[in-house]
Amino acid sequence: MNPAVQYFKNIWDALYTVSLGMIITLKYWLKEPPITIEYPDRLKKGPLLLSGNSLEEIVSDRFRGFLAVDFSTCIGCLQCMLTCPIDIIAIQTEKKDDVRFITRFDINQSKCMYCGLCVEVCPTNAIVHSKRFEGACYDIRELCIRHVETPAPVAKRPSKGEAEST
Amino acid sequence: MLNPYGNIFVFFAVGFGVVFATMVVVKIIAPHRPNPEKLTSYECGEKPIGPGWINFNARFYLIAILFIIFDVELILVFPVIVNFRDYLLAGNGLLAFIEIFLFIVILFLGLIFAWEHKYLEWLWAIRKRLRVDTGVVRIKDVIEGKSGVEDE
Amino acid sequence: MAELVSQEMFLNMGPHHPSTHGVLRLIVQTDGEIMRRAIPDIGYLHRGIEKIAERVPYQGFMPYTDRIDYVSAFSGNLGYALTVERLAGIEVPEKAEYLRVIAAELARLGSHFIGVGAVLLDLGAVTPFVHALRERETYNDLMEMLCGARLTHNYARIGGVSHDVPEGFKEKTLRFIDHLEHEFIDEFNNLISFNSILVKRFANVGVVSAEMAIEYTLVGPNLRGSGVPFDLRRDDPYSIYDRFDFEIPVGKGKFGTVGDCYDRYWVRIQEIRESCRIIRQALQQMPEKGAIRTKIPKVFKPPKGEMYVRTECPRGEMGFYLISDGGKNPYRLKIRTGSFSAMSILEELSQGVMVADLVAIIGSFDIVAPEIDR
Amino acid sequence: MNVELKEIVFLCVAIMTILPCFIVAFSRNILHSAFALFFTFLGTSGLYFFLDADFLAVVQVIIYIGGVLVLLLFAILLTRNIEDIKTTNSLSLRRAAFAGTVSILLFVTLLYAYISNKWVFPFRENPDYPYFTIKELGDLLLTKYLLPFEVVSILLLAVLIGSLVIANRSVR
Amino acid sequence: MEKHELMEKVKVKCQDSIVRVEEMPNDDVLIEIRKEEILFVMDILKNDPELKFSISNHLGVDNEDNYAVIYNLYSYPFKHKITVKACLDHEHPEIDSVESIFKGMNWFERETYDLLGITFIGHSNLKRLLLPPDWEGHPLRKDYIHPDFYDQIDNRRPDLCD
Amino acid sequence: MIEKLNIVNRLPEDPILTTVDRALNLVRANSLWYLLMGLACCSIELMQTGGPRSDIDRFGSLFRATPRQSDLLIVAGTITLKMASRLKLLYEQMAEPKYVIAMGSCANCGGLFDLSYSVLRGVDKIIPVDVYIPGCPPRPEALTEGLIKIQEKIKKEKYFTK
Amino acid sequence: MHNVASIIQSTLKNLFGSSPSLDLLYACLGYLVPCLAVVTVISMIGGILTLMERKVAGAIQNRLGPNRVGPSGSLQWIADAIKLHLKEDIIPALADKNLFRLAPYIVFVGTVLTGMVIPFGGSFIVVDLNVGLIFIIVAVSLIVIGLLMSGWASNNKWALLGGIRSAAQIVSYEIPSALALLTVILITGSFSMQTIVAEQGLFPWQWFIFYNPFTFIAFFIFSIASLAELNRVPFDFPEAESELVSGYNVEYSGMRFGFFFAAEFGNIFVTASIATAVFLGGGNIGLDPYDSGIGYQLLMVLVFFAKVIPLCFVSLWVRWTLPRLRIDQMMSMCWKYLIPISFVCLISTALWMLVFNGNGIFWRMSGS
Amino acid sequence: MDIININSYMIISLLLFLSGLFTTIARRNIIGIILGIELILNSAALNFAAFSKFSASNLEGQLFSIFIIVIAAAEAAIALALLLSIFMRHGDINADKLDRLRG
């Protein structure tokens, strides 16, 4: 193309495309509402988060948050501990009068990678990912969560059928 | 008393004064804990290699030369342009116009010279290396046409 | 024109530099604006994933594959799962295959949002980047619905996937795709892709010819941007990609030379469309019911052998070369990634370009640091 | 009180003009010299304001500071590296001694000439000194100095082409 | 092209450089070659008009008693793949660099050198790629011991919960 | 000389000063500019936190590209040993007062790369950390929470008083 | 010539009587008060613009932007300003310490100086200089030196590169912007801001932007060139985050950086004001600015700001839409597009005036 | 006290001139020399303007100042272009060394 024509075409192109973009941003500026979810203090509805706010808006059902253990069902099989690729679950059991007690069930949440492998192998669904994700703290030691304070007796091993259903 | 231009000096003084006062205040109320590491030059987290000097592109230099000439030209044309209206009203508009016109056109020739001789280009070598043709592209066509998978 | 000859001077770009996409250091030899060359110094994110593979069981390695290419975590999952499955001869249930395709294509979407957005961010266009992030937010939501994590999905399992489709997932995905196809992409293109400043910045910059691309083992969109119509999903189909109808966008020199930054960028934009198509087809074809996972023993030991499987990731092929000695950990796992090759071409490509172009070039290769370093 | 604000300011400006001159002359760091020149130019422009030469003052800043000084700084930065700059602006001692002597001699003579007040010129402020200088200057340029004006434009063209060619040859 | 056809063709072309040819489960062909012949073989694989391979992957393996280097090649025009393998002795793992044939191998080989300590003879810039230059040892070797200290950093961390 | 007049953390406790302190802390807490620095996967979530959904700019935090102008270092991701010294330098180059957030398992204690040979086990080995955020990666809301924690911490600090 | 200082002086004299020492005091006050007022206005508007920039960014990007400090974040900029005062002031060991300290002064002073000739509407102008409009260019020259100084004194490669880039950019774009302004000077025959404003009127067709097609183009040229002089997107090379980290102010921390920041945003306001005054009629509502009651005067100020603020917003709007040019493209845009076009505009306007005897499309030249 | 008179201007201009002269003679660095020349030109321009105000009754002095400034700018442009050329050729801009190079 003739350089002179090209020269004016360049100007035209620049003006045209720039205004095209500007119109879109203008549309956003004036019309589109923000989609920001104002965590933590301006949320609405639903069950409460630790900070006293609603959870439902931001976290889905399957969300893999902090691990939670239900000692009424944990049978102390150590599967979770063995499966965890980085050994962050520490379980100790003690046998006292034929009853096994879980004396220690520590989960190092600061190191966990929230992969869900331990949850998958648990035969009784005792260990699950809760929806909790808030754990910011000033001292990293707070993130080692000791689930057992007083030794808890292990639950009965469920029957075969129940275990299958997990 | 100062004439109106006195304000310029006052502005100068006040501008300096404001910054100076602020810096004194900052000295007093901001923490100050230098250490050798903090005082190293920032270079993207790396310990700086060599002096903090950059041998910048000589193109900038050409631009500056070009600029200075145009700047001078601008300055000389200011007084003439201011008078243009008066001359126009006095009926001498053509004279002023021709003068401005000549002056600007002569300078314009300089610009064209620089343009023609590619003093305004930066990237000759690279252009050549990448076999870049200044192919013509119709942006508008693309926009108005399909923007999905392209057909040739 | 030979630029001003002067003493050599070096400039550090990175490891902390806004445009180096994670941690990456370029030692730039320059005369200020035009550079002689840029020497990449990588390894700032070398996390030894290959060595870790030798220390964890087969299933336990899955989460690590998320972190190879964290922008599209599922692609890593998929490649690794496929490799182990092929090595051990494990069949994957039909539904799981569909779910994998859906997740992989969603991951591609998510990755291209970042890839396209980040390069624009490097060029100073913040808004398109944020708009892309907004769309990626929906992708994150979808993945979270599906498997519970926004970024590091750990969704695939050896022999299937971890979760079935949740309630409402299908509708939401369809809505998302509709939105992308009918609103977002056009708007995005009008907003930025056709912007003549962007075109000027991208066109004819960082031209990689087809031969050069193959020589330097470029893969994926970068290879296709150079005009090589090669896509593993079509040319070496894995999973069930042969069941879908989609096209392979190829760089055609839209605004300049074939293989320039604009082509790579444009290929990505078009791939967003194609991925949407695939997802729609997969959602339609996916069986309602069915197993999602083949049971494998808890202590899983594949037979002795070697296996190399390549998958088409958003950043090109990701290959897993797995050597098993019959034990419960892999014996050796080598991960071949797209960004690694893209990085190695940089030294040659950077000769004689401007600093600003270098930024555009790096961006247009859509590099992710851990993919280079692993 | 006799001291007027105007005179205080004048003194300040004069000092701001002259002091940096010595930095220009004696600093070992050529960039310091250049930046000192900045203040000299600025001060000179201030002095022009005191002469009611508003346009001249503005021109002084725009051309000297905005143009020449920027060009000079570019030249310094282009031809030296920072480490060098700090040390290489040395004075040649022999010549400095010579120059110093000459300068001092000249200074003493001229100063004597100035203040001995033997010169009799009608040094007085011109009451109808034109105030709106730009217009007047423009008038001059359009009438009496029409030729110089156009010649200057030719000169500028020549300078433009010449300097570009000279500089660019080396850039190439 | 069929797998067998490819096998035959490669066998004919490379003749006695090849130690063994094997089928991999993934419709892939693996040829093991003598390490001295690597350049020869690669040259044929790349430049033969019927093969036209280009590199796709490269890795080294520490097999405890020997090292192996593996090259995965892929041919864009003919869409077939091949795996080339060469065994190196354990004391002095050395092999010719194929950088001159495939430019893209530059970094792959550097990486292998970095992580496994295999020397590539004739490589233009055989320096550490991923690890810092003052790193000791080659991590992917089987006998590698993970360091506790680096650059004055004590990198041990007791388990938080103990 | 003028440094001697510096009154930061030098004045005695006094109700008025405490109020001033509190006001200043409130201001500082609401204007935390963070250093734009992404290390690994967590940096994507860091971006998302700045993105439209959970806009960290609400709290007055915007990113700066240079450490000199930032108040907050968000260590978002894995720190390798190669990177450690650089990170430390960056931290050092930040202007006082400065705060550090360790975001994600890797920054907390090495996380899942505890098994690796080249990863620093926790950023607190090289620089002091103010807030640890668990998660791999922490979701944007978690990072927001971390930011709020930092704000709370700042609000409790003393500024002028000893 | 109208002069605020003398008005203040005489007012004070009337109020408190006169004596030599008091006179000196009045004189000082007369000069200081308007000056301080302008400094405050510019830095405050600069601050507010930083907030608006973030708010606009938020709106364009589906976000909220700052909303915690004060009602919906409106005090955020004050928080930022105070925080900057509380930040440590680092002077790198290798830096040229004195120049490093000096640079923010010059940049800030350059910005403040421009405030002197802004006609805020009505009689609100500090001093209506004969060379008013050229004075803007003077200030820009100062800023250039300040930026170069900061770039060099930091002893940092990024900073130096940023400084040089910005110097080259600003000086280049000075020419088209000055030429664009000259088209209006042709019409008014004066550089005095008040005269320029007074020549226009309340209604759009009385503005110089609609004088003829060429002034219309000149307005856009001026806008583009001033975007470049302000180092704003799409010309923000000197501080391009992705290339030069942060440009010439890489090494500056705390309030020293704050001054750069304030100057940058203050300049947005300044250039918007100039564009308003020169092309958009300024605060002219068709009344004589000096002879109107205080109510009208305030109305004029209102009109002025009603025009300036949208222009500022346009600058923000552009910043959040466009990508950045490349440095050579920026230069060629200046030298190949803007300068020739503005030359043409200038000459054509002169010709137009010659042909139409000074009358514009709607505008009528008085005395013709 | 009336210090704003022709004498003060002449003294200022004299000082400018002398420091310019000194710089021009004593500097080794060519750029230094150019700095000196600028100073000298500056002092000349100042003198013109001063006389224009205090003695003559028209603006021609100012006009000459402007022409001087213009010439100074042109001179700087050419000088620095030459300097660049010298620097590229010899890698040095030291006047003493260039003297020697000539031989």
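Order as written gives the chain letters A, B, C, D, E, F, G and H; numbering starts at 1 within each chain.
The rule is short, and it goes like this: a residue touches a chain if its C-beta (ideal position, glycine included) is under 8 Å from a C-beta of that chain, and two chains touch if they have at least 3 such contacts.
Bear in mind that the values here come from a model prediction, so they are computed numbers and not experimental data.
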{"item": "Labels of chains that are neighbours to chain E and to chain H", "value": "none"}
{"item": "Smallest number of contact steps required from chain A to reach chain E", "value": "1"}
{"item": "Chain whose mean Cα position lies farthest from chain F", "value": "H"}
{"item": "Chain C-chain D separation of Cα centroids, rounded to whole Å", "value": "61"}
{"item": "Averaged-CA centre spacing for the pair chain F and chain E, given as whole angstrom", "value": "43"}
{"item": "Gap in Å, rounded to a whole number, between the CA centres of chain G and chain E", "value": "62"}
{"item": "Where chain B and chain H are represented by their mean Cα positions, the distance between them in whole Å", "value": "25"}
{"item": "Set of chain C residues in contact with two or more other chains", "value": "1-4, 7, 11-12, 15-18, 32-33, 43, 46, 48, 51, 56, 63-64, 127, 130, 134, 137, 152, 190-192, 194-197, 199, 354, 373"}
{"item": "Residues within chain F bordering two or more other chains", "value": "36, 51-53, 55, 58, 65-68, 82, 86, 90, 93, 96-97, 109-110, 112, 114-115, 117-118, 122, 136, 139"}
{"item": "Contacts with 2+ other chains: residues of chain B", "value": "1-2, 5-6, 8, 27, 29-33, 38, 40, 42-46, 48, 51-56, 58-61, 64-69, 71-72, 74-76, 78, 81-83, 86, 96, 114, 122-123, 139, 143"}
{"item": "Chain H-touching residues of chain B, taken from the complex the two chains share", "value": "58, 61, 65, 68-69, 71-72, 75-76"}
{"item": "Chain F-facing residues of chain A, complex", "value": "34-40, 51, 58-59, 66, 85-86, 108-114, 133-140, 143"}
{"item": "Partner chain G, residues of chain C touching it in the complex", "value": "11-12, 17-19, 32-33, 120-127, 130-131, 134, 191-192, 195, 197-198, 200-201, 354-357, 359"}
{"item": "Footprint of chain G on chain B - complex, ascending", "value": "1-2, 4-8, 10-12, 14-16, 18-20, 22-23, 25-27, 29-34, 36, 38-44, 48, 51-54, 56, 59-60, 63-64, 66-67, 70-71, 74, 77-78, 81-86, 88-89, 93-94, 96-97, 100-101, 104, 108, 111, 114-115, 120-123"}
{"item": "Residues of chain E defined as touching chain C within the complex", "value": "24-26, 28, 30, 54-59, 61-62, 70, 72, 76, 79, 81, 83, 102-104, 106-107, 111, 115, 128-132, 139-140, 144"}
